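Notes follow once the structure below has been shown.
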Amino acid sequence: MTRKRKTLKSGMGWSTPTSITVRGRDLANELLGKIDLGGMAFLEMTGRLPSAQEAELFNALLVTLVEHGMTPQAITTRLVNLAAPEALQAAVAAGLCGVGSVFTGGSELTAKMLQDALRNKADDANLDAIAAKIVESFVASRRPIPGIGHPVHKPIDPRTPVLFGIAKRIGFRGRYVALLELVAAQAEKCLERELPINATGAIGALLSELKFPWRICRGVAVISRAVGLVGHLAEEMQNPLAREIWERVEEEVFENRS
Amino acid sequence: MTRKRKTLKSGMGWSTPTSITVRGRDLANELLGKIDLGGMAFLEMTGRLPSAQEAELFNALLVTLVEHGMTPQAITTRLVNLAAPEALQAAVAAGLCGVGSVFTGGSELTAKMLQDALRNKADDANLDAIAAKIVESFVASRRPIPGIGHPVHKPIDPRTPVLFGIAKRIGFRGRYVALLELVAAQAEKCLERELPINATGAIGALLSELKFPWRICRGVAVISRAVGLVGHLAEEMQNPLAREIWERVEEEVFENRS
Amino acid sequence: MTRKRKTLKSGMGWSTPTSITVRGRDLANELLGKIDLGGMAFLEMTGRLPSAQEAELFNALLVTLVEHGMTPQAITTRLVNLAAPEALQAAVAAGLCGVGSVFTGGSELTAKMLQDALRNKADDANLDAIAAKIVESFVASRRPIPGIGHPVHKPIDPRTPVLFGIAKRIGFRGRYVALLELVAAQAEKCLERELPINATGAIGALLSELKFPWRICRGVAVISRAVGLVGHLAEEMQNPLAREIWERVEEEVFENRS
Amino acid sequence: MTRKRKTLKSGMGWSTPTSITVRGRDLANELLGKIDLGGMAFLEMTGRLPSAQEAELFNALLVTLVEHGMTPQAITTRLVNLAAPEALQAAVAAGLCGVGSVFTGGSELTAKMLQDALRNKADDANLDAIAAKIVESFVASRRPIPGIGHPVHKPIDPRTPVLFGIAKRIGFRGRYVALLELVAAQAEKCLERELPINATGAIGALLSELKFPWRICRGVAVISRAVGLVGHLAEEMQNPLAREIWERVEEEVFENRS
């Protein structure tokens, strides 16, 4: 066997009899009681502790994505819990399998669009021209532009101004946000309909401001949805809905059999 | 069809064109920027906002369980990402499937043991006698007592005193903690070996102090591990280990074929 | 590091440039076109090729569990496909997460009950007495006896006589089946209601006749359900139901908000 | 609420007290003992029973994909079983999450390529010209051509001639296979290296001959892998490898900590 072996190194964490180290920090003495879960997620994903401003913004982004009511993912988690109540983790895992392109891919695609557009661009690059090129390219290939428009929230998505307001207050309303606003404005003009920046778009832009590579952006949604899906299980234990949902479907299919 | 239909009601959340309601709160105006992710998890799981003390303690519990280095779950998430990099959510889901009885069931079992023991017990119940009964019952049936003992962390688990210290400072070191300490002390005497309260035991006791039903306790671990597994993916994108792990296993099995 | 390393050996399979070996057989020349999928599953799970009789019986057991209509698992797979159509495997995985204790645990529990009861018992052991002991033990602890009774199929489960008929014809109707029949008969007398052997019970008994350890019996259900869930996805692509199911739930929760 | 409700209809299956109907067939009387698991998968996925020839070919395709030794998916399933042995279904689900683009996407992509190319083409379409166009398009966009080339199996993939041989014998070696052979031949000339049709390519072509839409082709791999992963669990129960794999990784990371 001539393959060269690669040494396995990782900075995530390890334990000795008297200590636990996480991302280079002593868990018991440097982290517990000193960092909240959102800050911990930042540390895990970037390898460094967030500033107070970064922690505030990142927590706000995470909180935004936790709960969207009775989504397909939430129903999924409840149904799997009905079938396998002894494996709560599998119910959450099943729901998370649905954090895919249709409902939550927006922040990832927005971040990719913005990061691709501004990679290696000078600080004084002409954002108007860049936005025009983006809109042109999506329209030409008949693809929807990520991060703008919403089926329900009109004329604006109420989360967007709040998130941008937090970002502005603490100094993270930078050129990714500016570019996305220009994209939205030009798209509205070009396509002649209301295309407000939606929450996932805002999150994709703000994660870019926080320097998260676009490839990991879906992970932010995954964390938030894990929280939300556990919430649904907590409610399901008090107020079971899954059996009713299942039985109605089964009955209706039975009645309509042919 | 004579089954009585049950109306579907849920307090998790819903949307109108101009607002999003989560657990009875206006997401944009009451939650974003005003609550951290740990507090949001508390709201999701209990239906009410945590006090500042509850939020502090709950965040500490969540942070404790985020990262344990290269666990089977972390390796799993990395391997699935190697095979299906386009479905990041599935890689996290796969790792979460392993949040089961062997590595993370401790807090759930501890909470169950403590909550079962103190259910309907008067405030001045004799904890010593209750602890004795617990130890006797587990020893008699040769089952391990949950929440005590640790294969690595000896003589104490460094996370436990920090968590109990936080709880004491803010007024949440109550009788569930007291009972678990008595269980540990009596078990050490009875079984004649060191059986310190481990981190999952401490968490099970403190979730009981926070009035979380034991059935949802595994959900707390699931949330934390979702954060940790996304962290592993972030590192894997910079420093890929999964291919090396896989190739070594495959090569060794090939070399030892018969 | 003083831990003794264990050599990694596995008989599942490996490849060379010119051949693929699976469970000790040359895949291309000994298996392809010569074994069906059920027989292949037998080879994978036991390490040996089935006889023609074993293959017939095992295929029948597998076929039994493939499709049960609009179960919670089937709805789950359809909902995840709605949310993440690009990751078909995750939709099936999500549905399989629900192959747990409530709907499909029966064959595993039946096999455990029967195998535990007959372990190390002589060939001429008194099955009547063993059955009596089983029924007594379950009734005393108020646990349901696995493998008997069915909420819908009364007075008998139509699958059971067919499966037992196949087994009888090919010589696999042995003492596990006999014991389960005695358990059912005595339970009916003791509990004074109809308790026919249901399909999962029959499968648990017949997997025991095929010498499958009870711990792997759930795996048989998992294989069958994987087939069924892919079937539901195939229908969902032609006849989408998931969006309608989801929207109805969301609408009803919205209408009943408070 | 003005949305028009869609009636839920499905032909997958339903039950009455005395019968179970699957895809329009009486399970107990028309399917059990009369169809093998591969044939059942065909019925589930297409809604009709296969001919003997179709069943033979489809079983061969399914058998091909069952087992590939210690793949990332197999290691995943073993690791999750180590962590959550009580939830066997979750271990298989976790492994299936990895049936993604890298290791098993080939048959889906091949089927898409071939079906897109021959859609609405006359029976006497010039396959040479179509193949040339395919190769040109992939080479121009620097994408790998699906279904050809293999990192290990050289100069040919030993499964391919066996599968094509079965197809030829029973009359299913049609123009999808012919087109893929032309693509491989032209790609070898154009790219000046050996690019034999690999097993997933052959399967993509043969599923097209069987008239499976390309979107469901990954489902065939999912079914096969479910069988293989249950096989790995059966071996893991006799010969546990997961703990050793995990401990080695953890130890090496610990030794290389910095």
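All chains are identified by letter, namely A, B, C and D, in their written order; residue positions are counted from 1 within each chain.
In this section, contacts are C-beta pairs under 8 Å (C-beta built on N, C-alpha and C of every residue); 3 or more make two chains touch, one makes a residue touch a chain.
Given the structure is predicted, the values throughout are model-derived calculations rather than measurements.
The interface holding more C-beta pairs in contact, when A-C is weighed against B-C, is A-C.
Relative to subunit D, the chain whose mean Cα position lies farthest away is B. Note: centroid distance subunit B to subunit C, computed from Cα atoms, is 31 Å. Per-chain Cα centroids separate subunit A from subunit C by 37 Å. Multi-chain contact residues of subunit C (touching two or more other chains) are listed as 8-11, 14, 69-70, 84, 86-87, 89-90, 93-94, 97-100, 241, 245, 249-250, 253-254.
Put simply, subunit B touches subunit A in their complex at residues 1, 3, 5-6, 8-20, 22-23, 27-29, 31-33, 35-41, 43-47, 55-56, 59-60, 62-64, 66-70, 74, 87-90, 92-94, 96-100, 152-154, 158-159, 162-163, 165-166, 213, 215-216, 218-224, 226-228, 230-235, 237, 239, 241, 244-245, 247-248, 251, 255.
Subunit A meets subunit D in the complex at residues 7-11, 14, 21, 84, 86-87, 89-90, 93-94, 97, 249-250, 252-254, 256-258. Residue ranges of subunit D in contact with subunit B, taken from their complex: 69-73, 75-76, 79-80, 82-87, 90-91, 93-95, 97-104, 241-242, 245-246, 249-250, 253-254.
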